[in-house]
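Chain nomenclature is as follows: A, B, C and D, assigned in order of appearance, with residue numbering initiated at 1 for each chain independently.
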């Protein structure tokens, strides 16, 4: 039996009559506009109350209406992808400055869809999208509910509500570790340092990509990076391989030694570590079996156009041009001075970064689709330029920069002062066992001048040779730039230091010290600044701060220059040279010599992948030249499709190249 | 007298939520009755298949409006079972705080809701004002008053904000000090007692027949059949609490149990605040960015004790980025559908609303 | 409960000793799943009910169109030996029909009705199972089947808002977004092996 | 000399005056229909009870459509509810107003691709004010109500007239989504 209570038990509630009411006053509920209405209608009594009226300030975490800082936003569109209600649409705004690592688009939010989950905030790659503490908005017109968030909400500065924290972050900011050979072991051999991703790790790394495509714009060949990363994630190697070959005929090489501007632009890199785009590309190439290559191989080239193109130089630019011309259906002959094709890939980069097997895989593919390589043939010596002009419908020059630049300092012409491009081919020849260890003259202690990738290549190759020869290494590297401004990639700096290279950054060489006709060291002055106010190269030194570093050899890796000897004088007269490069239009076509195209270092530079891009553009230029000149007619529909498809993927210039 | 058909709802002041009870009456005795659900049907189970694991956290709380946290918890538990995730220790305790605050909020709301079928609106005013305080605490913790989207697979979305313990403690103290007042106002009030004593009793054998769980069952079978005790999840095995039971389940006993659970929940929250360790609050489901999270294959059923009984998620994953199938076991499914059909006939018309209120029939979770 | 044997072991032994179980999975110490043949479901449920699993927690179906099968799931619970048991069986998708378990668990009535509504599985023995419950005047295939596309249905029947706001630049510049999208779409076709 | 020239008002002017007077009373005693169509209704109890106390605005819940001035469509509308909502709306006495709560009434919200939920409420019945949020907080709801009052004052809340004028259009939309607007409850029994 339940206890019987008196009917008066509940009367004690009357005590609340004398308490302060819990009811929230109007001034803490209504906006000024509505308070004004209430005031005019005598519901809210005092005019003073209108002024101080504003809705309760939301909690610090409140998921209110969005704000987006356009300066910080990179337009990656990840918010659009994650939105569970499709409320976010990226809208193109061409009035935003076009720059690297950003897209000219910004999100709009449909508050007829938004569910205020803040997933967009938690996944924002740049942390620009936030939620404010504003939560009051009503309107009679439904069109007023699509809003483009800016730093201000409805023109008012508002307080930040929900923001991303470490716990709520939905991005994976840490790169999957790539296994490297141990520094102590690797420095005494030329085996490849980076081991490559396993399938599981590659899939995990690929899962970090948000498919924004910001990277594509910064890639000189504009590879479909998000597409092939997605292919890896979905374990579709074949699809990924096809997608890669659409824009890059040298993926095996690029997967190892590309300058990876894409990783600099990567939207994940804004807050964390960029996706290892380069290693992922390498993963596809390494894991694609030969028969898959052959399957793809049999597809592209079925018909041939009756036109011949000569490509001079089998480097990245030349091979790029040759591949795309072949894919369009042209007959292509590549002339190469050296006994092996590949140019700088074959002779300039040491094999611990780029083993021959990787180059062979790429070049074999190009050869197999029918590009003819004519090796050991130097234009101007074995075959004349005039003959090329006569025999071919167009000529592409991609001869690159192979002549070492010299140092104009006292002692700079000593025989133990060696250019990088003299030394590195020797190293490669040693790796191929063409040269023996005794044939290469590496001293017990060497000094390398230069701060680029080539300088590190020289220094690290020298380390290896010293280890093999003497069992210990002593390599010093000096550069004008300070350590944090070195033009080389970070990997080189870290790995080089691991291998025991001593860095003397921020110093300019003044004199090669010679005693008894032997190099004993290098005198350095502290470098104060490299460029003068006009922005041209004019280093300034602090003479007080002098040091001498010892070394028996000096390697110079301060850049290379072109060698135009193979071009006959009559032709050279018609060319224009700008700082050693040949002036040409975007497609590499030389003015007044419409049959002549150039690309690579002698047109634009500065790296391997830009050379491939030049080659691709030149292929389009050549194709258009031959057709606009009415030299050729469409042979068939399939041929036309092939040409159009290859041209559709032609990359534009990147921000850096502009 | 001729049999007459009446609709209780969907638009009816005594009806909780958008559902309709079709009642055939003779006089005021119910002859036949059905629940007509589906007015809140949104196709959740289909929707969940179409959203990725991470996007689903914005969908899940909307299954049950008044108590979103049990949904989030059951969903998170199911995903964690599939992915074999170890949730950080602190997240367990935060989850318990959230779940118990939600239990407080819904018990207050249901207690206030008792005001409408019994005609004592004062109760409603008190309860909803206190509930408003809980909602504001939720806003501080989770960012939204009602749809928290806070308990996610792998932990909770954010750590507790600084100083929230003070807010929670002051609210709990206040509620505890007025607990007796609440009782006096409602179930100690002889008028209310006269209305709810011996109204729509629920015998134990009917409980098993219907499959009713939660307070409806515990007040009938007199055993502490509470999932928090029987198969403890989170860290309920490390806190001390009692499960209120009753030997005879009438409307009074059920409301009484609810009120006693309020005291227990207050105790649990206090223990959680005291025992909660420092540390991380979330681990990701798998490596990669959220849209590419995947969960291994499997079939699991995860359930939690909601204010109305066993709330479960049956989940199938095919190893992809979306759940393959999610089935929701709404806690009030048995009492809402079969209970009304089988058990209301024979009672009086005006008791139908009391059944809906005291058994906690929640239409959104029936319709989904 | 015997001390030497955990609840899940008890259940596994109990079921496996009497039935041919296609697969058993102990998910954790509170849950076991059995996959059995369609014919065994009723006797298995009866056995479990007499052994203390008196509560039917859930009943639903999963659609596996690639196998051309439906999977029925029964989940029962024992409050004294806290173990949820999943019992799953497969039905042919074309002629999906399963005798009702109404005599064993009367609580299944509405679950079965819902399974019929959302999957189209017939439950002979359940008198009302073919009546509509949640949906009203439904005019398409049962919506929880995998081949039903709610997006297409929604697009067909319910118009969506087309906002009149125009945030895009009107300078008539060539859209880079479109070019990007097109390029991406083109390349996506290569994934299926299509080529020039 | 005072000229007391009496200029008789036209019938329209008289009607207009009466409407203005009527609007004054109406907007200061907006009675809302207690029909929780969707989840946003959960923010109404705080608004109705002591915390936000909307009776200060002259608003209160009403049990039947015939007594109510405002219909609150609190969130998403499944087809099944829409049928009953149209019944309810048509039962309400004029002038009548509709407030649409939350994202779902504007463009479908989170249920935009659901097979059971309509997307744009104002295609089926005329809506006077939309309140943004999912769900809108109580303050937003209260501000929405005052917006509605302001609209009534400025004679902009004319949805119910529009429903008369463009009834064919509304009906066509209703039929496109529902097939038949009539409620057949006997199906389910």
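The criterion applied here is as follows: contacts are C-beta pairs under 8 Å (C-beta built on N, C-alpha and C of every residue); 3 or more make two chains touch, one makes a residue touch a chain.
The shown structure was predicted, so the numbers you read here are calculated from the model rather than taken from an experiment.
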item	value
Reference subunit B; chain at largest CA-centroid distance	A
Pair joined by more contacting C-beta pairs (C-D or B-D)	B-D
For subunit C paired with subunit D, centre-to-centre distance based on mean C-alpha positions, whole Å	39
Inter-centroid spacing, subunit D versus subunit B (mean Cα positions, whole Å)	31
Whole-Å separation of chain centres (CA-atom averages), subunit B against subunit C	23
Averaged-CA centre spacing for the pair subunit C and subunit A, given as whole angstrom	46
Residues within subunit D bordering two or more other chains	50-51, 80, 106-108, 110, 112-117, 120, 134, 137, 188-189
Set of subunit C residues in contact with two or more other chains	133, 135-136, 143, 148, 150-151, 161
Overlap residues in subunit A, where contacts from two or more other chains coincide	22, 58, 84-85, 110, 112, 115-116, 142
Chain contact topology (line, ring, star, complete or other)	complete
Residues of subunit B touching subunit A in the complex	51, 54-59, 62, 122, 129, 136, 139-144, 147, 149, 155-159, 161, 181, 184-185, 188-191, 193, 197, 252, 280-282, 284, 286-293
Residue numbers on subunit A that touch subunit B, as the complex places them	2-7, 9-10, 12-13, 22, 58-63, 78, 81-82, 84-85, 115-119, 122-123, 131, 161-162, 165, 167-168, 170-172, 176, 204, 206-210, 233, 268
In the complex with subunit B, residue positions of subunit C that touch it	25, 27-28, 30-31, 33, 54-58, 60, 62-63, 73, 75, 77, 79, 82, 84, 86, 88, 105-107, 109-111, 118, 133-136, 143-144, 148, 150-151
Touch list for subunit C against partner subunit D, complex	131-133, 135-137, 139-140, 143, 148, 150-151, 153-154, 157-161
Contacting residues of subunit D [partner subunit A, same complex]	28, 50-53, 56-57, 103, 105-110, 112-113, 120, 122, 127-134, 136-137, 139-140, 142-144, 146-147, 149-151, 153, 156-157
